[in-house]
Amino acid sequence: MIYVTRKSHFNAAHRLHNPNKSEEWNKTTFGKCNNPNWHGHNYILEVTVAGVPDPDTGYVIDLGILKKIIEEKILDKCDHKNLNLEVPFLKGIIPTSENLVKAFFQELEDDINRVAFDTSTLYCVKLFETERNIAEYCPNPRI
Amino acid sequence: MIYVTRKSHFNAAHRLHNPNKSEEWNKTTFGKCNNPNWHGHNYILEVTVAGVPDPDTGYVIDLGILKKIIEEKILDKCDHKNLNLEVPFLKGIIPTSENLVKAFFQELEDDINRVAFDTSTLYCVKLFETERNIAEYCPNPRI
Amino acid sequence: MIYVTRKSHFNAAHRLHNPNKSEEWNKTTFGKCNNPNWHGHNYILEVTVAGVPDPDTGYVIDLGILKKIIEEKILDKCDHKNLNLEVPFLKGIIPTSENLVKAFFQELEDDINRVAFDTSTLYCVKLFETERNIAEYCPNPRI
Amino acid sequence: MIYVTRKSHFNAAHRLHNPNKSEEWNKTTFGKCNNPNWHGHNYILEVTVAGVPDPDTGYVIDLGILKKIIEEKILDKCDHKNLNLEVPFLKGIIPTSENLVKAFFQELEDDINRVAFDTSTLYCVKLFETERNIAEYCPNPRI
Amino acid sequence: MIYVTRKSHFNAAHRLHNPNKSEEWNKTTFGKCNNPNWHGHNYILEVTVAGVPDPDTGYVIDLGILKKIIEEKILDKCDHKNLNLEVPFLKGIIPTSENLVKAFFQELEDDINRVAFDTSTLYCVKLFETERNIAEYCPNPRI
Amino acid sequence: MIYVTRKSHFNAAHRLHNPNKSEEWNKTTFGKCNNPNWHGHNYILEVTVAGVPDPDTGYVIDLGILKKIIEEKILDKCDHKNLNLEVPFLKGIIPTSENLVKAFFQELEDDINRVAFDTSTLYCVKLFETERNIAEYCPNPRI
């Protein structure tokens, strides 16, 4: 089992806010991350595929194709966007890093599994909101 | 002449938009940076002071004091904020990195020059909007 | 299961030395790391919590609270200190990175598990002694 | 179980090419990575050993000895070399990152397991071909 | 005067070799960098333009246009290429970092100066051959 | 004029303390950096040489030779040492980054100027005490 990772970047605005709760609850819970005028980040996204290399190519997945899938499914929809307002697949989700990695995983899974060699599959999605705050989602067991 | 630099971080939302121009001009000129729903960055800020070290302390400037000035004059006002809407000293300025470094320099200059040793003075302000896009303002000659 | 990581820094002096062994054994075993006049590092500490996000907040753990726990339990005790002489919870421990990550894990575990959402728990402690020398302690199985 | 990692660098030329396939297949499959005049990388190599620290030294493995093994078995053979033409243990292998991490693991395994404390063993080999393209091989289960 | 920098990457093979000198001189002078089978690097290129921001846009130069010029004049010609054999504007040049930054500056100068605002001009080209070996060319005086 | 930079690392213990001043003055002035039990850093050192490349080699200075000079004059004397107690050329100097860059420059100057091509000379010494605190000494005018 070999793990192949592709790293990408995007910039976006967001705000942590739960619309089912009061203004006060949101302010107390999320502090300055609740600012109604938004703030933003240079997100770093790492997508990891696990599998066995194709003996003809030596590839678990063609990183050029993986790059294109990440661009189409994530970057084109999130880069220079407002994650609360403008990304259809994030509708109704509070855009914490925890929720983002899970949503990104689900968004990427089918396309990646279709093109990865043989039984290779999407393994992890990792997101750096800042250099110091990081979330990772790896739902499948490590084999 | 010794150059001392302090590096800081802040996150903010912004949008490139010139209110004196048409929507179309703005869209053509600034592209996705003109998105009316904002986007944002993890800015990295480097502030450089030039001078001769105090023989008693070996300091051109006490970096703890420099850190506090940067926090009070820049970070507290810009971190988790909207640079177009919420920062008084940026009022009327299109928040490109070029304009930000100049505004930050002017905001920092008096306080830093007052506490720096002897003839030491603020020399440069450098801003990384992303890891790949950087602006620097150094108005005084290199001696 | 989502993994959330907070990255911190501290600077400290240390020395690798086993007081139950001879000077010669120490010198041969630890080389220049045994220098009796100490040396030091800019340590980078990564603390990872594993769990399920709280549906109200989208947080596995509030990173602001995690940051405060790391500050109180580790940084306040270790930053700008001598790890052999001044840190009570490191008493009797040779401060290799291996031993430090285990001691840091035990120091952090109770406080983090108490504030993390539901069944979320401290998962890993990782320490960069230098950019090139790294240790990690993850005693619980990956679920 | 504690994981200890040593990070190294080397520079090398390579080319992705499967000699059992046609020129056209190679060009289509590997694109500019198939350039017959070669291209190259600053590879970053991370070698991770898993084990229990020796109570006398606090070491899972002496990182000075690990460094020497990596130098002898990998860096001396690969640094400033052509990975397709000049490295005996890579003979017949298409030098994708996936194939390189597996070959490096096999090259390192015996020497590392011999010197690591007690039951400590080589756990993972990770290779950064670029900052954005990464492969990792961890054949043994995480205990 | 404001300095704006754009950072890019490319991978290439090269070899240090002076064809006017003997094999022995080349081997002694350039050591393993003279390897006839080539080696390679992940080059990082920083291009800096100095000028006054356009009051309408806040730009010294549109970084999207600067990016395109760097791609056309440098990256398309050098990425995944052999710098000794395949880059017309490097013909006859020993590809040390010193010689590369000068050649890159001359290649970029006209196009950049034409599109930069008003009197803004190309100021510096900086090249990281590795993280540790760096060259910079800044032929014009700092104003 | 081309600027060539070599980056190095070393780890050391130090303490900010002026022996001509009272304990109280030292504690107030230097805070936790005055800790009598020392603290330490992973220093990053950048040494820059300015000059014209030798037409035969394309080198301003052979970086292998520059590396060796930095090792002999700085790293061998400072790495894994106590900068206040064990480095002869730092005797009587309060080891702030400002004072260190000046002392390192003077220590390196003669050897570097002797081996650099033609009129090439040592231009700058830059020291990162931490990722965020940096000092630079460039006594000669930029030509």
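The chains carry the letters A, B, C, D, E and F, assigned in the order they are written, with residues numbered from 1 in each.
Simple rule for what comes next: contacts are C-beta pairs under 8 Å (C-beta built on N, C-alpha and C of every residue); 3 or more make two chains touch, one makes a residue touch a chain.
Bear in mind the structure is a predicted one, so any value in this text is a computation, not a measurement.
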Note = Joint neighbours (chain B and chain F) are E
Query = Can you name the chain that lies farthest from chain E, using the mean of each chain's Cα atoms as its centre?
reply = C
Message = Interface check for copies chain C and chain F. Shared numbers divided by all numbers used: above half gives same, below half gives different; which is it?
response = same
Note = Matching B-F in over half of the residue-numbered contact pairs, the equivalent interface among D-E, A-B or E-F is E-F
Task = Return the chain whose centre of C-alpha atoms lies at maximal distance from the corresponding centre of chain D.
result = B
Query = Distance from the CA centroid of chain B to that of chain E, rounded to the nearest Å?
reply = 28
Task = Check each residue of chain D and list the ones that touch at least two other chains.
result = 131, 142
Key: Each pair of chains that touches, named by its two labels   = A-B, A-C, A-D, B-E, B-F, C-D, C-F, D-E, E-F
Inquiry  = Under the stated contact criterion, what part of chain A meets chain C in this complex?
reply    = 16, 18, 21, 29-31, 93-99, 101-102, 131-139, 141-142
Request  = Name, in rising order, each residue of chain D that touches chain E in their complex.
outcome  = 9, 11-14, 32-33, 35, 37-42, 79-82, 85-86, 130-131
Ask   = Residues of chain E touching chain B in their complex?
value = 1-8, 53, 56-60, 63-64, 142
